[in-house]
Amino acid sequence: MDAAVVLPKLLALAWLLPLASFTLIVFFGPRMGHAGVRAGQVATGAILIGCLISLYALFFVWLPYSHAFETPAEEAHAAAAPDHPAATGDEHADASHGDADHADAAHGAEGHAAASHHAPIIKPIAGDWYALGEFGSLRITIGYYIDSLTVLMFSMVTFIATCIHFYANGYMHDELHDVVDHEVKLANGHHLHRPGRFHRFFQYLSLFCFSMLGIVIAGNIAMIFVFWELVGICSYFLIGFYIERKSASNAANKAFIVNRIGDFGMIIGLMALFGSLGTFAFGDLTREVDGKEVTEPGLFSLVRSEANHHHLVVPDGMVKAAAADEIAAGAEPTAEKIAEWRGETEPKQVGRYAYWLLVVAGLGIFCGCVGKSAQFPLHVWLPDAMEGPTPVSALVHSATMVAAGVYLVGRFFPVFVPEVLLVIAITGCITLFLAATIAITATDIKRVLAYSTVSQLGYMMLALGVGGWVAGMFHLITHAFFKSLLFMCSGSVIHACHTNDMMKMGGLRKKMPWTAYTMLAGCLAIMGAGVPFSIGLSGHYSKDAILAQAYSFKDSNPSFGFLFYVAALGAVITAFYMFRLWFLTFAGEPRDHHIYDHAHESPKIMYYPLVVLAVFAVGVGWSTTDFSWFGLHHLFGEFGVRELLDQAQPVGTLEPTHGVLLENLKYPSEHDSHLDKYHITAELVAFGTAISGFLLALAMYDYRILSAAEVRAHFGPIYQLLIHKWYFDEIYNALFVQPTLFLGRRVAQFDKQVIDGLIDRLAWMTRGVAHLDDLIDRYFIDGLVNLTASCTYGVGIWFRGAETGKLRQYVMFIVVATVSLFFLVSLILAGGP
Amino acid sequence: MAEFLQAYLAPWWLAYVVAALVHAVLLINVVAVGALIFIWLERKVSGRIQDRLGPTRVGGKFGWLQTLADGLKLITKEDLMPEGADGMLFRMAPYISFCASFAGYLALPFADNWVGARLNTAVFFILAVLGLEVFGVILAGYASASKWSLFGAMREAAQVVSYEVPLGMCAVVPVLIAGSMDLVTIGQMQHGWFTNWFVFHDPFTFITFWVYFTCATASVNRAPFDLAEAESELVAGFHTEYSGLRWSIFFMAEYGSMFAVSGLAAILFFGGWNGPLPITEWLGLADTTNPVLSYLGNFIGMLNFMFKCVFGVTFMMWVRWTLPRLRIDQVMTTCLKYCTPIAAASFLGATLWTYFLPGGLILPNNAYGLVREGQLIDGPYPPADAEGPSKETANEKTAGTGDLISQVAGEHRGRD
Amino acid sequence: MNLLTQPVGVSHYLIVGAIMFVAGVVCMATKRNALGVLMGIELVLNGANVNFVAFGSVYLRPEVTGIGLDGQLVALFVIVLAAAEAAVALAITLNFYNNHSTVDVDQADELKG
Amino acid sequence: MDAINWHSFFFLFFALLACGFSLAVVMTSNIVHMAFYLTLALGATSGLFFLAGADFVGAMQLLIYVGGTLVLLIFGVMLTAKGPFISMKTSAGDLVLGAGVGGALLVLLLAAATQVDAWRVSEPSPPVAQVTASRLGMALLGARVDKLDEKDPVQARGMSGYLLPFEIVSVHLLVVLIGSAYLARPKKRMVGGPVDTA
């Protein structure tokens, strides 16, 4: 089976199944069983089948040498095989472009030995399913761009979504009958009483899964944008699921509006790319035009063209866009001229502009990711979004939707110039620190996890920003598993206690052991627990990779060393607040006996998914190389999530680069971080930070050697700062919300007084005219009509006498009429010629 | 027969009249003597079922003259008529009932071609005529000027009209298999071993038979469907006000109808005059060229047929003395909710079965296999009626629909 | 003309049909009982049926000029539809009887002009 | 003496029965007697059908018309047969008017029936016994087996049978069944006394 044929079909199927489920539930939801209980099963079934298909698709890329993404011409260029001794650095060229005429093996002399032992970076499968329209050079299509990252994300999203669907079937069972919402008080003092919305929940979940998968599989930026917005609207629906609650509807609005800000930047970025490069597609598309096969280069090939050995070079289109003045003045944009323009990187020269254009595009796209992934300064919506039901938090706000931002940064990684990457790294760094500190003081169990999410997303951004593409993506995958696990565990706790406040819990371990120990696994995973240099939980590997990457970046750019230190500090805080959460919830003595007495383990349909996810949270980071002492890699080759991500590493991004605007900015190759000098340090640091955070939490919240209250009192101002979330909401309120409201009121006043007055005057005049019209209508036209009617009436009265209503008389009429008719006819016939 | 008589009787039309009279007398004897025997039989059967002996004295052994004695008693009774009665209708009613019941025998063959009048649409005719019996009952009920009688008559009317639907549907199934409504043809088709009987043709006919029998019981107004004369509720139902001879004529009509529907069942489902084994053939009596032999064969066939009818009537008696009477709503439910759908489904099933497996359940079944092919039956059966109008007619009669379909199909092919 | 010895023709049947038809019409025109009117209708339909069958009979007219089977088919349809008509008419009558406690058609003149 | 034509004989017999009872229906004012006479008239008509060679139609007449429709009618008569409705007298004026109009119609129809010479005497085609039932059945299913040898293509095109009317009638029957059940369903009692019938 040719993967290039099979994979698009498989993934399309998995992608469209949730849409089908959504459509079904939209139309038939309320009629599906009692109160729509079958809707849950339909949605779950759809996503389960999608998951199975995705996992099956994963097998096409699972085996590192399956040649899944290689074109058929690949055999001719077997030189690119990873065991090839001549590590001359042309692997990428060969492996990714099978075009024999063009393959220029002589080029690309500078290679890097580090890459040689890795799986080949192989060409993604790109193409179109369906063209929506063609407007000149603009083709809007539903296309795909599939590499191992896509398949991996598909598997991850569908798998977690499946677990969450099962879990939600149990969690949302309250919605199966009429609900009394105790958090909503109506004007008459009663609590809100409303019908259950079970089916609607699953309808949104299905649509959400469809949208998320759409982002993952999207083959062009138009599609990305469409599904990006779909994800946004789904998140709006789901956060505002309890729409009657003021807090929930506010949170939904907040999430939506904050995302809008990010998306505005994103549109700028996408348009900058499209406007200058003239294509939406990511990958190279081959299609038939007038009987000839034409290959149109996609975005990534334009930015990192083969001719430039996949280095990031400002593409021709951007140079032409930057040189608009020169072209308008009559300069012919020939190839030599463009090369000349591109070279001029002095201030106020064309090349400089062109480079800036690339920076703007990158920053714009990143802006969207900032919104969606809740990075500083747009992180404020995510904690509020915890108003949605917990399965939503688990799916939307931990594992998938916020991951979309990170995924997009990963997808556009080839387009980002070093300066943009630096911005990304710094943003990530700030975010991870801010969020982690806020998480220390939060007492709402879901908010702790929400801030933890923001913080971990910061880690991913940091990793990507310091050039660690694989590290960032790896953390994305592992984090998805343990964070959805943590959220679902917290949901289970909330389900049992009917409160979010950790201060009212405690000692629940005895009441709900399954939840407690699966959550412990999740905490250990996010902390990065493990034995250095041997084995650990999934977070151990991904976090180590990030720290190592940051450390190697620090080595190249000492002035940005703070990135590494903040990340390490963040690791301490992470471990601290996670175990604070766990100890407060599950350990110690119960603090609220009423709640404790009523607590109970969740039903099986809720904790079975927890166990499944716990297993993955522990093991998803493993690869066969981690068990080399066991010889597994001989048996199965080298594979694991990391190896799969290695396959998908964008072409050319492994080269060390440096900034153009900031000339001191140096980016090492990602493989450098595997060097022992960075790797060992990072691993030790990670272990040390995790342990210290854990011990601190142990001391404060389990053994109570340190009193939390004392610490709080001691650091009063800082505590205030943290408990108010660094005053972000207040600042935004003062800076943006209040001025907007003020402006709005002024405009309303203007509308009411000036415009309404004008309209009133007009209406008065119209009324006068209408009055006149009315007189004519009444006396002249009505008179005519009445005359006709009275004539008709008179005739009718006259004829009425014939209708006696007597059945027998009618029979007589008929007979007499028949006889006389015959008689007349025969007379005429007899008298006629 | 008329032709035979013509040779001896001077005015030729007298021959026809005499022949008709002979036929009529023969048939009326079946009804009248049959009623005598059946009333005696019913008494004996009910006695045995209720663990007593029944009549034992009159006429020596078994009390076999009991009915005759009863009849004599009835004749001598006073003929009463209520004051408010509608005289004409009151007098007409028993005769209408009896005529309807009796007219059915006109088309009922007692053996191969031993039939009063061989009709193309005999099945239909018998059902139609038997359905008319209800008129007598209704008119009797009305004319008696009695509430009980009227109630009984209303029940009868509702019941009979309803039960004619499934009854007709069941009767159509054998007609469909035979491709003819001529009872003689239908009987001839079941010639041979008992496996050729239509009741064993396929599972659906088997079901159909039971539905037919239930509906027939209901349509001749026998227990457990005898709502019209429910003595525990309506005194005696429609014949409350009748006495003497008129009353006995109603009874004759009832037993006549029982015999007629049993006979119809016997021909439609149980091979009519054909025994379970082709004994007449083995004895060489099936040879129609020899009048004496064929007469003997037909006589044996008639005995066969009579036995089946008597068995059917006895079966109805058995049912009567076993099952309690239904309520009127239960009667209607049985008809409309059970019998009709089952009959419809069986009809459909039998249609499909006949379409896919024309030979029936037990293959090979040469008899109608040949008919299906549209060929003239000249193997096992000589042309059915040697004295019929013409050979062509016989051909056409037995050919059935299959032949016509193939004709039409051929025509269409030709046109294309 | 001796009816007993001469063969009958279509006309004879038509006369019977005409008499039945007219009897039906008169019945409809004179009976006050709704069911009587209904019976008149049945008679009218039957009179028509006699005509159809007579025209279609091969015993009366040569097959070439006769209408053959069509006569019988139309008669069949008439019979079946008459049954349907009777059912509906009876339902209407019973309804009328339920609402007005009478079957006198002269009283059903609420729609008079 | 000429030989008796049996066909004519029986025709006369049934015709007299049919006409006589039809007239009896008109004459009598007792509704139950009317129903009874109607039964006999229709039964005699079925005899006419048998005589005319239409076996199947005759049997249909007996089964459906006499056995079904009339039973239904009588049923209706019984349901509504309260004292005053059994004999409803028609006013003499109406009777005279009806007789006059009916007489006129009769004269017209008789004139029409007897004026065509070709109809007066029978020219029977050579005796061909027919299985009318299967021919009718085929015609209802859309195949006219009696006209297979029609030479004239224009005529042959018209011989397409009666499948469509058959289907329409089937559907019609179903509709009637449902409709009459609906019409005659038991009514809910009106609140506030009986309906004003005045």
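All chains are identified by letter, namely A, B, C and D, in their written order; residue positions are counted from 1 within each chain.
The criterion applied here is as follows: a contact is a pair of C-beta atoms (placed from the backbone, for glycine too) under 8 Å apart; a residue touches a chain by one contact, two chains touch by 3 or more.
What you see is a predicted model, and the numbers here were worked out from it, not measured in a lab.
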Highest-count interface - the chain pair sharing the most C-beta contacts: C-D
Chain whose mean Cα position lies farthest from chain B: A
Distance between the centres, which are taken as Cα means, of chain D and chain A, whole angstrom: 79
Gap in Å, rounded to a whole number, between the CA centres of chain C and chain B: 31
Separation of mean Cα positions, chain D and chain B [Å, integer]: 27
Residue list for chain A, restricted to those that touch at least two other chains: 808, 812, 815
Residues of chain D engaged with two or more neighbouring chains: 3-4, 56, 60, 68, 70, 72, 75, 79, 94, 97-98, 101-102, 105, 130, 132, 135
For chain C, residues contacting two or more additional chains: 25, 29-32
Chains that touch, pairwise: A-C, A-D, B-D, C-D
Touching residues (chain side chain D, partner chain B) in the complex: 3-4, 6, 30, 32-33, 36, 39, 43, 55-56, 58-60, 62-63, 66-68, 70-72, 74-75, 78-79, 81, 127, 129-135, 137-138, 143, 145, 148
Parts of chain C lying in touch with chain A, wherever the complex brings them together: 25, 28-32, 37, 105-106, 108-113
Touch list for chain A against partner chain D, complex: 808, 812, 815-816, 818-819, 822-823
Residue numbers on chain D that touch chain A, as the complex places them: 94, 97-98, 101-102, 104-105, 108
Footprint of chain C on chain A - complex, ascending: 799-808, 811-812, 815
